[in-house]
Structures are given as C-alpha cells and as structure tokens.
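The structure appears below as structure tokens.
Order as written gives the chain letters A, B, C, D, E and F; numbering starts at 1 within each chain.
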Amino acid sequence: MASAPSGLDKDQIFGMAEQEMEYRVELFNKLTKTCFEKCIEKRYKESELNMGECSCVDRCVAKYWQVTSIVGQLLGSSRPPM
Amino acid sequence: MASAPSGLDKDQIFGMAEQEMEYRVELFNKLTKTCFEKCIEKRYKESELNMGECSCVDRCVAKYWQVTSIVGQLLGSSRPPM
Amino acid sequence: MASAPSGLDKDQIFGMAEQEMEYRVELFNKLTKTCFEKCIEKRYKESELNMGECSCVDRCVAKYWQVTSIVGQLLGSSRPPM
Amino acid sequence: MDRSIAGDMTNIPEEDQQRMTKMIEQFQIRDSLRMYNSLVERCFDHCVDSFRRKSLDKQEETCVQRCAEKFLKHSMRVSMRFAELNQGSPTPD
Amino acid sequence: MDRSIAGDMTNIPEEDQQRMTKMIEQFQIRDSLRMYNSLVERCFDHCVDSFRRKSLDKQEETCVQRCAEKFLKHSMRVSMRFAELNQGSPTPD
Amino acid sequence: MDRSIAGDMTNIPEEDQQRMTKMIEQFQIRDSLRMYNSLVERCFDHCVDSFRRKSLDKQEETCVQRCAEKFLKHSMRVSMRFAELNQGSPTPD
C-alpha cells in the first residue's frame, strides 16, 4: 500500500480500502444477525443474555468463521479476503 | 450547517447530509415493507386497500414511530436522529 | 450519452451510468436469490443441479423477466429501465 | 422527507444549493430504481410458485398486477402518515 | 476491525492518514445509522403484532426495550469473539 | 450485463473510457465481495443449526461445500439465461 506513488493510484487505493471496510462491516452485520436469530430466545423475558445464549453465540461465531474459510477456499483464494 | 466556512468542511457537510438522507430513505423503506407484511392481505383479490387494511396501516406507522423513539432513547440520544 | 460536452455534465453521466449498473446488479442478485429459493433442493445431496432444478431455474428466470416488464409498465415507463 | 435539509439550504451559497439539489436528484433516482427492484421481487415471490411453464398464466399475471398496484397505494398511504408524524413532532433538539 | 488498515497507515503521508480517518468516521456514522434502523425493524417485527390501537401497550413497550438491549449486548459479545478470531489467525497471505 | 454501457463507450474520449473501466472494475470487486458474504450467510443458515460444539462436524462441512458449489452453478445458469433474455428483447426505443 505504501509503495503507490501517483495521485491516480491513490484514489484506487482508497477505493480498495473502502471496499475492504464495506466487506468487513457487512460480514460482521450478517454474522451478528444470523447468530441472533439462531441463538437468542425471542420471548425477551429479560434483557440479559443467559448462559445458554452466551455459549450458543460463542459457538455460532466460531462456526460462522469456519464457513467463511470453506467458502473462501471454494471461491479460489487460499483465504477469504480479510 | 450554514456556519461552516472552508472547502474541506463542506465535503463533510455534504457527507453528513447524504448520510442523513440515506438514513431517512432506509427508515421509510423498512417501515413500508414491515407494515405491508403486517397489514396487507396477500391474496390480492383486488388492487385497492380495504378499510381494515387502511386502519391497520395507519396504526402500524404510528407504532413503528414509537418504536423508533424507544430505541433512539436506548441508543443514548434523547431523540432518534431525524 | 456522447453528446454531453461540459465537465459538470460528465459527472452526471457517470452518475447515471453508475446507477444503471447498480440497478442491473441488484436485479440480477435478487433474481438469482429468488430462483435459488424457489427451485433448489435444500438438502444438498449433491453439488450438481439436477434436471428438475435446471428446468425450474430456466422457467423461473423467464417468469421473473415477465414480472419485471409488468411492473415496469405499471410504473409508467413503457419498458423497465434496462 | 427533505424538509429539514431544504430548511438548511436558505442561507448557503447558490453553488452549494445546486450541489445539494443534484445529490437529492441522484438519491431519488437510485431510490426509485431500488423500489422497482424490490417491487418485482416481492410480487414475484408472492404470486409465482409454479414452474411447469415458462410463461405467466392469467392468474399469476393478475396477481402480480394487483400486488404491485396495492403496494404503490400502500406506500403512498405510509408516506402521508409518515409526513404527518414528522410535522406533529417538531425537532425538540 | 480496523486493525490491518490502521497498520498500513504508519508509513503513508499525513494528508492520506487524514483522508483515511475521515473515511473511517463516515463509515462508522453510516454503520451506526443502519444498525439503528435494523434494530427498530427487528424489534418492531418481533414485538408488535396487534393493530387494534395506535399506541404501543405496556407489554409491547417492554418487549421492544428488552429486544433492543438484548441485541446490543449480543452485538458486543459477537464483536469480542470476532476480534479474537481475527487475532488468532494472523494473515498467512 | 455491461452491453449497453460498453456500446455507448465507442464514441467518447479515452480518458472517459478509462474512468468508466475503473468504475466497472470497482463494481465487480464490490459485487464479488457482497456475493461472497451472502453465500456464507445463506449456506451457514441452511446447514448449521446445532451449537453444542464450536467446530463444524463433517456433515455440516459437506453441506456447506455443496451449498456453495450449487449456488455458484445456479448463479452461472441464471446469468446465461438472463443474458439471452437481454439479447432476445433489444431495446425498442
């Protein structure tokens, strides 16, 4: 990133950085939404996460991460674009 | 908004205005979609809204608005960003 | 498009081209998602599309296209913005 | 929905007003294209479930037409109610 | 989540760092507005199903409050776990 | 899908063509990143429902792999059909 000299290329670098951020934010938002739907009790008896929900969320994030890398491999890069 | 002098700040102002519009449009679209799903008969016997649907839509919008301000308070501003 | 002379107008042209592309990409993505949900067996016994799925997909795309033009007519243009 | 932004525009230079106007126009075009896309998606999803033919039958066609008309009327009603609520509660800062 | 981008910023000129900082700020504002919108949509959807009155009853109000609080706590937990995973697997290029 | 835009590019100056090319490239990158994200979301959603362990079991892994492959093949088929329809109905204006 630091080796790009000219003004034009800079715009492309910022464009890439912007897209990378967009990608990460979207990944995080989809992950959060999906694990909320899979793990959180929808009756909302209380506003705290109970123990079962907490461990479900932790495992959900870990498994989502693994799916990320399986799909990433399939799409041809050795690693998802993180 | 009118007090910003320099050129650089102007870009930020336009950036903020853009984000505010994006926010409002998104709010309106989500509200419309949600109340359509909650209130409108999916058999589509006719293309007019019937009386029951009309009053349901009115109440749906009013309630959605209230949810907007409850969540806004929770997120720390005294009022949702409108 | 080729007749626009000044610098300012060019920005608008590029803006329009950008929005047209955004529109097409979104159309394609929604079409793909919808026909996947309507036609593809979710048990994933194999990674190939079977014959039934293939013909379902072909018809789904054709029907989606027709819906596109019905809605386009209703929205006042003689033809959807493609 | 552009009320507060329009209000802010009275005391800014003309070139900025033009820039703002262009921005709003771009927004409206983008929003109407998105609305078009989601209208198609929604009405297709609600009305078309059989894929034994590659053309819509009469029933599906009628369903799509009513669905789209109904959504547009619904959308206008929501828009009116929404505007009333925006006016009814002036920004208390 | 800005780790790798921030890392890249140490050896670029100050004006570029400022531009990057502004970009990140814009992103954070946009993202928090979107989060706000989807929080409202989600909690409304889960908690409000009756439209015989035009005001939320006490039960709906409590439901919305808990839903929103719970989502925020959930979101913070996900964010922590996500950060750990990002650190645990340093980019092997 | 870039047919009509590409067609318009024959009689515009080279610098504009470059700008357009860059725009298209940016679009393609963004679109492929979004596709990647929604592929992960969809296949996770369809294939992972148990959270008694923190690792995918063999069955879940196979499901995710097939889901992703199947979606990609589906997407290519849709893309071909879509292109045919675009060509079959030349813009009547």
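The definition used in the following text is that a contact is a pair of C-beta atoms (placed from the backbone, for glycine too) under 8 Å apart; a residue touches a chain by one contact, two chains touch by 3 or more.
Just so it is clear, the model here is predicted, and its values are computed rather than measured.
S.K.: Same interface as C-D shows up in which of B-E, C-F or A-E, over half of contact pairs matched?
M.R.: Copy of the C-D interface among the listed pairs: B-E.
S.K.: Measuring from the mean C-alpha position of chain A to the mean C-alpha position of chain C, what distance in angstrom results?
M.R.: The separation of the two C-alpha centroids amounts to 26 Å.
S.K.: If you average the Cα atoms of chain A and of chain F to get two centres, how far apart are those centres in Å?
M.R.: That gives a centre separation of 18 Å.
S.K.: I'd like the Å distance between the centres of chain E and chain F, where a centre is the mean of that chain's Cα atoms.
M.R.: 26
S.K.: Can you compute the centre-to-centre distance for chain B and chain D, using the mean CA position of each chain? Integer Å is fine.
M.R.: From the centre of chain B to the centre of chain D is 11 Å.
S.K.: Enumerate the residues of chain D that touch no fewer than two other chains.
M.R.: Each of 34, 38, 47, 65, 69 in chain D touches at least two other chains.
S.K.: Show the residues in chain B shared as contacts by 2 or more other chains, in ascending order.
M.R.: Chain B, residues with two or more chain partners: 22, 39, 58, 62.
S.K.: Following the ring of touching chains from chain B through chain E, in what sequence do all chains appear?
M.R.: B, E, A, F, C, D
S.K.: Would you tell me which residues of chain A are touching chain F in their complex?
M.R.: Those in contact with chain F are residues 12, 15-16, 19, 22-23, 26-27, 30, 34, 38-39, 55-56, 58-60, 62-64, 66-68, 70-72, 74-75, 80-81.
S.K.: Write out the stretch or stretches of chain E touching chain A in their complex.
M.R.: Chain E residues touching chain A: 1-2, 4-5, 8, 11-12, 16, 19-20, 23-24, 27, 31, 34-35, 38, 42, 46-47, 62-63, 65-67, 69-71, 73-75, 77-79, 81-82, 85-86, 91-93.
S.K.: Give the list of chain C residues in touch with chain F in this complex.
M.R.: Spelled out, the residues of chain C in touch with chain F are 1-2, 10, 14, 17-18, 20-22, 24-25, 28-29, 31-33, 35-36, 39-40, 42, 44-49, 53-54, 57-58, 61-62, 65, 78-79, 82.
S.K.: Mind pulling up the chain D residues that touch chain C in the complex?
M.R.: So the residues of chain D in touch with chain C come to 22, 26, 29-30, 33-34, 36-41, 43-45, 47-49, 51-56, 60-61, 64-65, 68-69, 72.
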